[in-house]
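Structures follow.
Each of the next two complexes has chain A plus one other chain: chain B in the first, chain C in the second.
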Partner chain A sequence: MTTERPHGLMAHLPMLWPAGMLVLFFVVPFGIMLAVSFFHQVQGAFFEPAFELDNYGRFVSAFFGRALLFSLWISILSAAIVVAVAFPFTYFLTRLRRRAQVPILVFILAVLSLSEVIIGFSWSTLLSRNAGLSNVMVWLGMLPRPVAWTPSFGALLMGMCYLGFPYTVLIVYPAMSRLDPELPEASRMLGASPFRTFFTIVVPVLKTSLMGAVIMVFVFNLGAFLLPQVLGRPPHWTLSVHITDQAVFQSNIPFAAAMAIFLMLFSLAFIGLTLVLGASREAPR
Partner chain B sequence: MSGLRIDHVGKSFGMFEALKDIDLDFPDGKFICLLGPSGCGKTTLLRVIAGLETPTRGRILLDGTDISGLPAHRRNLGMVFQSLALFPHLTVGENIAYGLRIRGADQATRRRKTEELLDLVRLPGTADRQISQLSGGQRQRVAIARALAIDPKLFLLDEPLSALDAKLRETMQVELKLLQKRLGISTIVVTHDQREALTMADIVVVMNHAEVQQVGSPLDIYRNPVNAFVADFIGSSNLLTGVVGGEDGVIIVDGLPVQTEAGRALVRGTKASISIRPEEVLVHPGTETGPNHLPAKVTFVRDLGASVEIMLECSGREILAVSSPRTRPAVDTGDAVTIELPPAACVVLAS
Partner chain C sequence: MSRLGSKLFMGLVLLFLAGPLIVVAGVSLNGAQQLLFPPRDPSLRWYAELFNQPDWLNAMGNSLLIAFTSAALAVLIAFPLAWFLWRYRVRYGSVLYGLGVAPFTLPPVITALGFLVFWVSVGLYGSIVATIVSHAIFFVTLPLVTITLGLNSIDRQVVEAATTMGADERKVFTTIILPLIRPYLISGYAFAFVLSLNEYIVAYMVSGFTVETLPIKIFNSLRYGYTPVMAVVAVVFMLFAALVFGLIARFGDLPKLLGAWSKD
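This part shows the complex of A and B:
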């Protein structure tokens, strides 16, 4: 099947609107940020136009390097955990009757309506020593005394996973519910247990949406700048937190811009790597 | 005890009864067709045999062993699904070898077996192709090969040819039948197409409303349908309702006696129907009298080349007569004619 390509200036005219919007709201701000990242920061004042690599140079330090690595690490880890949990969850959800699915989907959508701030502070309370879940466990006799689970790495990871979970379910759900139920049945008739069927048939067939979910949760958590401050200690601050810190509290816009560009390059590299790895195992069509 | 026994199997989905007390016994090595309109429970019965549905009541016995408790993946039955359910991420060869891989067969065995099966379904040398590169008929063959790869004890097919166009479907019917004959494997096919059932089956099981209506050879079912549903569903059939006129097999239709051969056991005065196949109805031009002669009027003549269909009206009921072009009676639309119902062709159905 071929679609006819538009010819002439008039036929391309309708494209001007989306193209213009894209330039106005994406290319221009990005250009400004890119330019600012090379500007000179005047101590105790604003920045002035210049072309220097000082901002990038400053970033190449053990402190920010570690922050970058930590950001990538916790984003990858949370993406992996969320998808590992949400994928089977969604699979069983789609196997339920329609009427049983709806309330669960509504609940998941309701979680989406909560802001990151509310989620962050709720988890902070739930994991705290004074009012948290450990008090319930003491009451049940599972713990000798209440414990503070936050701030910690685990608490931050927990918060990020909680945030990413509903998105993952929503991304994977359409493809899962369209999955031909006869595919896993065929696998079972050929002797594969339900467990084996899930890994040899369901996961590979839905690989595209699976990878889409991994990338989305990864990018989503890479940009999280509130949760690390609420649920983590300063060593758990991601690069996004540092960018916010530089831009808002230190008023060092050029350095913040340089860090943002760095972060973007690294996440693009990661996404590219994921796609290449995914494509290499895909047989030629 | 060899063969498949379906022992008083029932299946309910909530309030809906999909199968009502199905009790069937199939000898080994037969080609069985479960035939019926959609929603009659035939697919549910197949899925119960496969282990994909758990029966609410009853047992399934294969070669004398109760397999009702075994999950589908432990039954070792080959199944071809309606959607074919070929794994899109695997090649043709990997699809066929999937069951062998699950069973831990080594690569050499898998390759040899795959080649054998591809030869069997007449698709040699396609092991490395992608499923998306195959035509509908080729996919069909791959699905059959995949199901046979595990040397199944039963070969189950759920409306396997429904996705193919009419011409290819008829070729595949013959091919499937020949394949089954060659392998001698017990085969159960679900279909709603009576032509398909008559082409392939050794035993036809006609189902309707979650119940078995009749079990028999295709010819037996065609010649001697037990009730109006079977008579109408298998081929086309003319039904004439009347009253039993005596103990000698005479049924009174519209005041005229029709002699039948099968009606001897009926009680005088009870209602009965005569079923007669269109190709058995004889049409005579003009008005004639004689035994088993009824007056009728031609409403339409359809000349189909290979056959001529004559639609008639006989005291308010529609009668269809089919004849070959050579024996075509000289009648036309609007003519008053006489139809003759040969006694041997009249099957009596109890109401």
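This part shows the complex of A and C:
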């Protein structure tokens, strides 16, 4: 990092454009959204300026409370599953030679960039009666006739894991690949298997990264929005789905804004927690 | 368990990732308008359909236009920001960097709703400009992170040597900084491009009813029943993303770009 400070006001000029863009198109929209969340919803029309807490009050109702709890539950569950698989996977990946890592990384990135729409469509095809896995199982004699496994909670959970997996690999990858190679090396010399080395050496050393990854994936999964509609039933709708539903179909933007602000505070609290975890790791022992 | 065990584990995970894509690729080859796997009377007619039907072509055109321009705008915002924060130490630096990273960290529905109320207030709700600018801000994180990574890998002594030999700011920028970070600029653009192509919720909330992109078109068609064209789009997107990231890996150092140390 440089220690040079800009001389005079003119030296700050290059910042005007990026800072202006970010403030105008990111900070201002958030400001408007915060304001709108206190506005009054006019039946059959748009909304009018006001200051009321009704939108937040309505959120405490049983219906949306249940949606919130369900969002939290499925996000935590899928985050835990994904991290449990992605952590050892990334460890083994980083132990490969660079040349061997590259095609796998390209594939992971390609899956990561896939639209949620495409992931939802692919999974609903894979779990469908006509084209799905159950046909293969019938062919193998494990099922009497093909069945549809979607929409269901299991299908949704599977889809969310699929969505979060490549993201998790990329979050964990830096810490894993910077792990001192002598640690697992020493453990291997003493005769431990890769799995044993992983659980007794790697996991304890990277415990804080592990916790950080669980929280990051949890927040990421909270944003899942199309999968609950494609792979789940209406009771499986997450908060993200309800926010869009209120904003686009019910035209109740103040209420949608209140829910979005709530979801944001919630996410920020958890992201803050990862930063605290990260800071305690940096601190001298 | 041995080394074989870890290879087997990786293989199973990769199979899980590839599974749905294999089925979709198979389904896209059906001869009739059915989603059967394995496909019946394999043919490529749905691939031709994607490039012949005006409504799919229109959606593809929108998606490409939005991805090209919004990724360019994202790089144009991220580059000066990353350069300035690398060149100078300013008190507001970390705040601005945080603002640049925030859109990508929060659940996207929040940012999308923010854009929605903003464009409604400005009166541009439903226009393609709104989608382009929103995507640029939403994905500014990617070029910001890659360009910052590139700048930090420049040896400061090279810059100092140039300065002592009489090169001014502009000369240093065009002869040292720009050539050295070009691969990072390109990969930042590519990341933003591919993700914009696949993005749904921001595009939908900002102008989903007037500007139909490919992901929006797929989701809208899902309600009226599945056709193999959707599978074709999924295959094309997957191959395209693999091609772009493969090129980045071919001409750059992908592991380093993703945060590994520079050498084995």
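A few notes on this one:
Quick note on the criterion: the second predicted complex is superposed on the first by the 226 of 285 C-alpha atoms of A that agree within 3 Å, B and C clash if a C-alpha of one lies under 4 Å from a C-alpha of the other, contacts with A are read in each partner's own complex, and residues count from 1 in each chain.
Throughout what follows, a contact is a pair of C-beta atoms (placed from the backbone, for glycine too) under 8 Å apart; a residue touches a chain by one contact, two chains touch by 3 or more.
Only a predicted model underlies this, so the values are computations on that prediction, with no experimental measurement involved.
By the document's definition of touching, of the two partners only chain B reaches A:Glu182; chain C does not. Residue contacts after overlaying the shared chain place A:Phe107 against chain C, while chain B stays out of touching range.
In the superposed model, A:Ser193 lies in contact with both chain B and chain C.
Touch criterion met: A:Val205 reaches chain B, while chain C stays clear of it. Within the superposed three-chain model, A:Arg97 lies in touch with chain C and out of touch with chain B [touch as defined at top]. When the two structures are aligned on the shared chain, A:Phe30 is found in touch with chain C, with no touch to chain B.
The larger set of touched chain A residues comes from C, when the choice is between chain B and chain C.
When the two complexes are laid over each other on chain A, chain A has residues 193-194, 196 in contact with both chain B and chain C.
Residue ranges on chain A touching chain C, taken from their complex, read 1-6, 11-12, 14-15, 17-19, 21-23, 25-30, 32-33, 36, 85, 88-89, 92-95, 97-98, 101-102, 104-111, 113-123, 125-126, 128, 130-133, 135, 162, 165-166, 170, 173-174, 177-178, 193-196, 219-220, 222-223, 225-226, 230, 240, 243-244, 247-248, 253, 256-257, 260, 263-264, 267-268, 271. Taken together, the chain B residues at the contact with chain A in this complex read 50, 52, 71-79, 81-83, 85-89, 91, 98-99, 102-103, 130, 132-133, 146-147, 149-150. Partner chain B is touched in their complex by these residues of chain A: 180, 182-183, 185-194, 196-197, 200-201, 204-205, 207, 283-285. Within the complex formed with chain A, the residues of chain C that make contact are 1-3, 5-7, 9-10, 13-14, 16-21, 23-24, 26-27, 34-37, 77-78, 80-81, 83-84, 86-90, 92, 96, 99-100, 102-103, 105-118, 120-121, 133-134, 136-137, 140, 156, 194-195, 197-201, 204-205, 208, 215, 218-219, 222, 226, 230-231, 233-234, 237-238, 241-242, 245-246, 249, 254-255, 258-261, 264.
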